[in-house]
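Each of the two complexes below includes subunit A, the first together with subunit B, the second together with subunit C.
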Partner chain A sequence: MRINKRLYKIAICFLVIALLSGCGTSRELNELGIVIGVGIDKEEESDAVKITTQVVKPGQVSSGGKGGGGGEEAYANFEETGRTVFAAIRGIANKSSRKMYFPHNQVIIIGQNAAKDGVTKYLDFFMRDPETRLNVYLLVAKDTAAEVLETKSKLERVPGNSISLMLDSEANAASQAIDIRLRDFKESLQLKTVASVAPIIEVSEENGKKTATLNGTAVFKGDKMVGTLDKSEGRGLMWVLGKVKSGIIEVECSNGNLVALETVRAKGEFSSELVDGKVKIKVKISEEGNIGEDAGTEDISTLDEVAFLEQQNADVIKSEVMAAVKKAEELDADIFGFGESVHRKYPKEWTSMEDKWDEIFPTIEVEVEVEAKLRLMGRINAPSVPQ
Partner chain B sequence: MFNYIQKVIRYRKMTSSGGSGAKESPEAPKESSDELSEDLEANIQLIQGIIVESNDLNIRRFVIGKKVKAAIIYIDGLVDKTLVNETILKPLMYHSEMDSPPETVDIDYVESELLFVGGIDSKQKVNEAVNKILSGDTVFLMDGAAKALIIALRGWKMRGIEEPETEATVRGPREGFTETLRINTSMIRRKIKNPNLKFETLTVGDRTKTDVCIAYITDLAKPELIEEVKRRLNKIKTEAVLESGYIEQYIEDAPYSIFATVGNSEKPDKVAAKLLDGRVAIIIDGTPFVLTVPCVFIESFQSPEDYYSRFAFTSALRMIRFTAFFISILAPAIYVALSTFHQELIPTQLILSMAAAHEGVPFPSLVEATIMLLFFEILREAGVRLPRPIGQAVSIVGALVIGEAAVTAGLIGAPMVIVIAVTAVSSFTIPAQLDSGTIIRIVLLILAGFLGGFGIAIGMFALLIHMVNLESFGTPYLMPIAPFDKSGLKDSFIRAPLWTMLKRPKGMSMDDVKQKKPSGPPPFNEN
Partner chain C sequence: MKLEKGVITNTQLIYLILSFLESMVISINFSYGISKQDTWIAVLAAFVITIPIMLGYTAIAKSYPGKNLIQINDEALGPYVGKLFSALYIWFLFELMIHYAYFFNSFWITYIMTETPRLVFVAIFILVSAFAVWSGIETIARCSVIFTIIVSITVVFVISLLLKDMKIVHFLPILDLTPKDFIQSVHIILTIQFCDLIAFLMIFPYTKNNKAIRKPMLLALCLSTLMLLIVVLVNTAVMGVRITNTTSVSFAITREIDIGNVLTRLDVLVALTLLATVFMKVSVFYYTTVLGLAQLLGLRSYKPLIVPIGLIAIAISANLYPSDMEQVYAGRNIWPFNAMLFEIILPLITLITIALRNLFKDTGGENE
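And now, the complex of A and B:
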């Protein structure tokens, strides 16, 4: 009798464990709609938000799977509108056989309209919900996000995946579009004077096929998009932030031929100074590169020529940075975080400056110092034509 | 948890023993304490009255010196007949032809002057004589003597010394124990030529009267340990002991645990090494498996070959064995937990291929894994019991069915086949934990299937709590790890060079602090 009671107690313990295990309900893999990309658009006429989710069809995506696709799309896009993002996402349940599963989401693309409207209300769900991730890439579409998610990638089977891979490889090869994750974006939103940025993605047509292309950087003031940087301005921003990993700089050598220099290492930092109550920013960039290509026939491997190329290289970098600064000052958006640097160095003075930063920022003097070095000539020292 | 269940069962046993009581120990073959008399025929009658009429019982009557009647009694097949003829019958019967026989021939004269045999003992009790007959000794009875001479001329057909199949080694001695106790003790004696090596024999099993021999080195094994082993062996109340497993199950510390707290081996070199650590070996007549106590968890990961190969590779092997053990108990559970609860932990590319493989599979992952594990166990069992050629055929068919056909038919996902295959192969690296591992694996799998990673955590904690509670003859089961012993770690996850291992395993031998005698780096290193 007593034994039975004890066994009951043990059974109850197990039952409690099973019932109290929170949101740990089991879901089989084939019950999940794995979301790879999300598009957020603002409807033209109404205030409603249109959510596009891109869900993988696992049977089609893996080469190991049976059949391997056979021309069928490896993804499905679901669209739903609602007054809030969450309602729209839950609304998709009416159209999809599988529950939307967000942890593997690669990109969030915000349509132009939504970006200009202010992104806070659209991104709140993605920052708050425990199932989504903060390391998802954030992009702004030149037109609508839904359109971007409909493009075909030439290499990948799922556009959302293609876009995130594109951002990775772009950062390592060209460094012209800044890669921003939701976490970074959230941080810059929280800082009052810092303007957020996000890469722009546009739809371009090639042989009747729509593909997605990275082109420029969107600049936000507060949570509203106010302007764009082009590719070289975008890299100007990256130089200052020290985010350039690699890139090609075209310069002319002393006799006018084009030479392509490859950046292999770059460091960028800036410091602020208050001179007579005026803010002065000193940007210091050090870069190391190789000669990647020489379009001319003269030997450029002389010391004089190398020094000349280094100077040219530094000038290009400086001009890119100055262009970015100019654009930022025009937009009155502190994309570099100069204000934060002043804040750190002059906390007392900052209290009075913080509210007036919009007026101060366009007037600050920026001094750029670039130290460019050329290290390697490449496999051949001189052009392969006889002198 | 396990302890609790154990207590419950113990409690139940206590309450129920009041009623019917423990199983009555069967009467040994008409236990009689009768003394032998001086009458030969009466004595023979007495013995025949105890041993049922059986045609392998041989009673040979003869006359010494034409006047004294005598007889030898033995079991046909258990004695060396040539020796019996040469050393008992021939001198005694030939004695009648002797030139000057003494006036009286008494049994002491026979023992001291006539028998050409080394091992002679005398007994006065009938049942003692009977037991000796049944063990293979020859009993000599004589008219006018109220005692029997027990002549040890045992000899029977036995298996030769072969390489043990259960513990194959690449490098190391190839001999294995046999079914005969004496040969086994001799093999240990040949390894340890130390005057302190001691064998003590007792008899266990009311009907089988099996010889059980305790072996230890007197100045290494703790006296308490020896006492404890003897106490437990003497407490065994059983009818039959046919294999060392019988003894093991009667003397182990935690009979309800899934872990074995008594070790066993077929290899004399392994047993010798354990004796030199201060352990006690229990050799049972009739089986090549010798038990060693205490037995701790870490021993499952040590192979005699570890000490014969050089240390760097052996250390790597140790770590591989530990990894394999954890894979073998955790892999299916982790796979199921990840794919049904924690999909966010899987890298995106991996989850896409996993999802692709699971597409169209009709079962939930837990059921899928359980089916596969069950099928693997069936396959293993089928392969073990069948004769080797058929066993191989079974494995091939089974592997084809589960590996290929089930995946092609879309019944099982390919990743699941890989996980179960990896699990199965890993489990074979630690043969000593094969049975406990199987149970842990299935329990963890079910916990993972219902509770995910949380379930695995619960399972592992329960396992850990159980393991730290276990003891084997006074030694904690997780010995060098918990309680922690720094010098013991030299022979656990790695195997340090032999000359750095200066101490015997802690808590086992009498002089656990004392150094092993000659030690130090190889002599050629000393300048």
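And now, the complex of A and C:
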């Protein structure tokens, strides 16, 4: 009797598990269309928005090993147009056997037209819906997002996955395209004077084969794209924000040969100051690097030479930062958040500056201080030539 | 005649108050949109104002040791006014119960079970609470010990995983808001978060040492304010300006946990913790409502009232507001004033009456 009662209680505990999914929210893996990438394009002639969702085909992904190339693609792209993003996404239900499932979405790509039109209205769904996540990567396509999602990757089976992995590895290797997640983008959209940025992805053609390539950074003013930064300006921005993780800097050594220096560690920060009502920004960057390659024949490991290379290195970093500042001032877009730092430091003075920030920003004085250090020389200490 | 035979220790009382106040973690969401990155200052200000109010509550309880709010009202204000006051308090406790049930339900069907009808969730929720109330205050107090520990561990766990996402600059500039907004935020935190501790005037008589309630009460208040403060600081440090338009911040930040793509998607864990805290809150209000009503009606046991009150609560709570937008509006603009009547004005009248009675008793003694 007693054991029966206990068994009865245990049985109830297991039955409760069935309630965990609530009413109707229960969905099995084989009913889900797992979205890996989303493209948002604005139609040229109308105001309609075209949504491309990239869905994985589970069967094809798991059978990846056999065959080796050829065969069917491991993904399917669905396109649908609508006046709003949500309507278009639900419209895909007319074409797909599975309901779109967003929690595993990895990239959102915004087409050029949509970016220039203003992105808040296109991104609202991705911030509001309970299923979507804010740690998805955000990119801007040089042309259309649909085209980028169509471009097959050479290594990965799903293009959306490839793009997100590419952003990860790019941030750790080159630091020329800023990696922006939707949550960072949302924050900069909500700050009045901060201009949002996002990496640009384009479809380039090599030997007749299309490849998706990261190239530069898109600059938004408010929520409209107003310009772009090239690769070195993009890295200039990342130096200031302290987001550079690694990268290669090419400098000339004292006799003119090229030397490649690898950045291993970098820190960047800036502070604002008000001098007689004028804004002055002090950027401080400290970088540590190694000698990565010596393209000449001279021994560059002498102390004098190292000091020279460190100076050269600092100059390159400084010029990259100044290029980014110059471009930002040209576009009148505060991509660094200088205004916000003034706001945080001088809240009283800021009230009168806030509305005039567009006029103030191009005139502010930026002072860059770079401290570059070389640490290691690698496995050889001089080029392999008869000395 | 004693309706509740159970007795809880004063340590259990601390845990009970702690777990009762822990649901502040979700009701603080009303304030973020108003006081932005300065919400933590508003929490501190509200805490400072709460202390004298709490001393007032305990003064009421102490002048009639062993009696609950309903009995105190009868003795202090006379049978007619006292009964009126008691009825008002019971209505308020009931209102709090259905509001919390609705409030948490909104969160749950927004984030977790999006297709579940309100009624289903509320019904199950109230049902479980009814079971707790049926078991009595001892059981609820023992639950609270477990829940407090679980919630504290979760908070520490979540915070340690979010350390790398916190930015100190998100707090700057400090006090960048109008005085009106600040006062409104403090008012909301005071009335919605802290002062519904008035429900404990119903529970104090059932503690083992019901003369020494001031210390456990203040200790629990300090500890839970500390926890709320930490949660608010972490939320602000992680979210920055995004805090102003996120509907459930404490939950939203757990979605941002990402440790090397491995430790991620922990949100349901936190949702269950929030469920536990709100369960404690609703159970305490449920219990005090039926206990008070039984006392008011002169019943021998409060148990016959559990089912009818529960059914009424389910019916009202499922249809409390036509929309969440209206609920947020009410939470920010109407509820704080409604609650002030029950949490500050009525207890103040009771307290003054008690003081006057004592005064006359003393002078009367001298005359004799």
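Keep in mind that, in the parts below, the second predicted complex is superposed on the first by the 355 of 387 C-alpha atoms of A that agree within 3 Å, B and C clash if a C-alpha of one lies under 4 Å from a C-alpha of the other, contacts with A are read in each partner's own complex, and residues count from 1 in each chain.
We take it that contacts are C-beta pairs under 8 Å (C-beta built on N, C-alpha and C of every residue); 3 or more make two chains touch, one makes a residue touch a chain.
Since the structure is predicted, the reported quantities are computational estimates derived from the model, not experimental observations.
Between subunit B and subunit C, more residues of subunit A are touched by B.
When the two complexes are overlaid on their common chain A, residue A:30 makes contact with subunit B while staying clear of subunit C. Contacts of A:343 after superposition on the shared chain: subunit C is touched, whereas subunit B is not.
In the superposition on chain A, contact of A:278 is made with neither subunit B nor subunit C. Of the two partner chains placed around the shared chain by superposition, neither subunit B nor subunit C is touched by A:224. Overlaid on A, the two complexes show subunit B and subunit C touching the same residues of subunit A, namely 21, 24, 103, 131, 133. Every residue of subunit C that touches subunit A in the complex is listed here, in rising order: 110-117, 120-121, 124, 169, 172-173, 176, 240-242, 244-245, 252, 255-256, 258, 265.
Against subunit A, the residues of subunit B that register as touching in their complex are 4-5, 8, 11-12, 339-341, 343-344, 348, 351-361, 364-366, 410, 414, 449-452, 454, 458. The touching residues of subunit A, counted against subunit B in their complex, run 3, 6-7, 10, 17-18, 21, 24, 26-30, 32, 34, 36, 56, 58-59, 61-62, 64-66, 101, 103-104, 106, 131, 133, 161.
Those residues of subunit A that touch subunit C in the shared complex are 19, 21-25, 103, 130-131, 133-135, 183, 186-187, 190-191, 341, 343-345, 347, 350.
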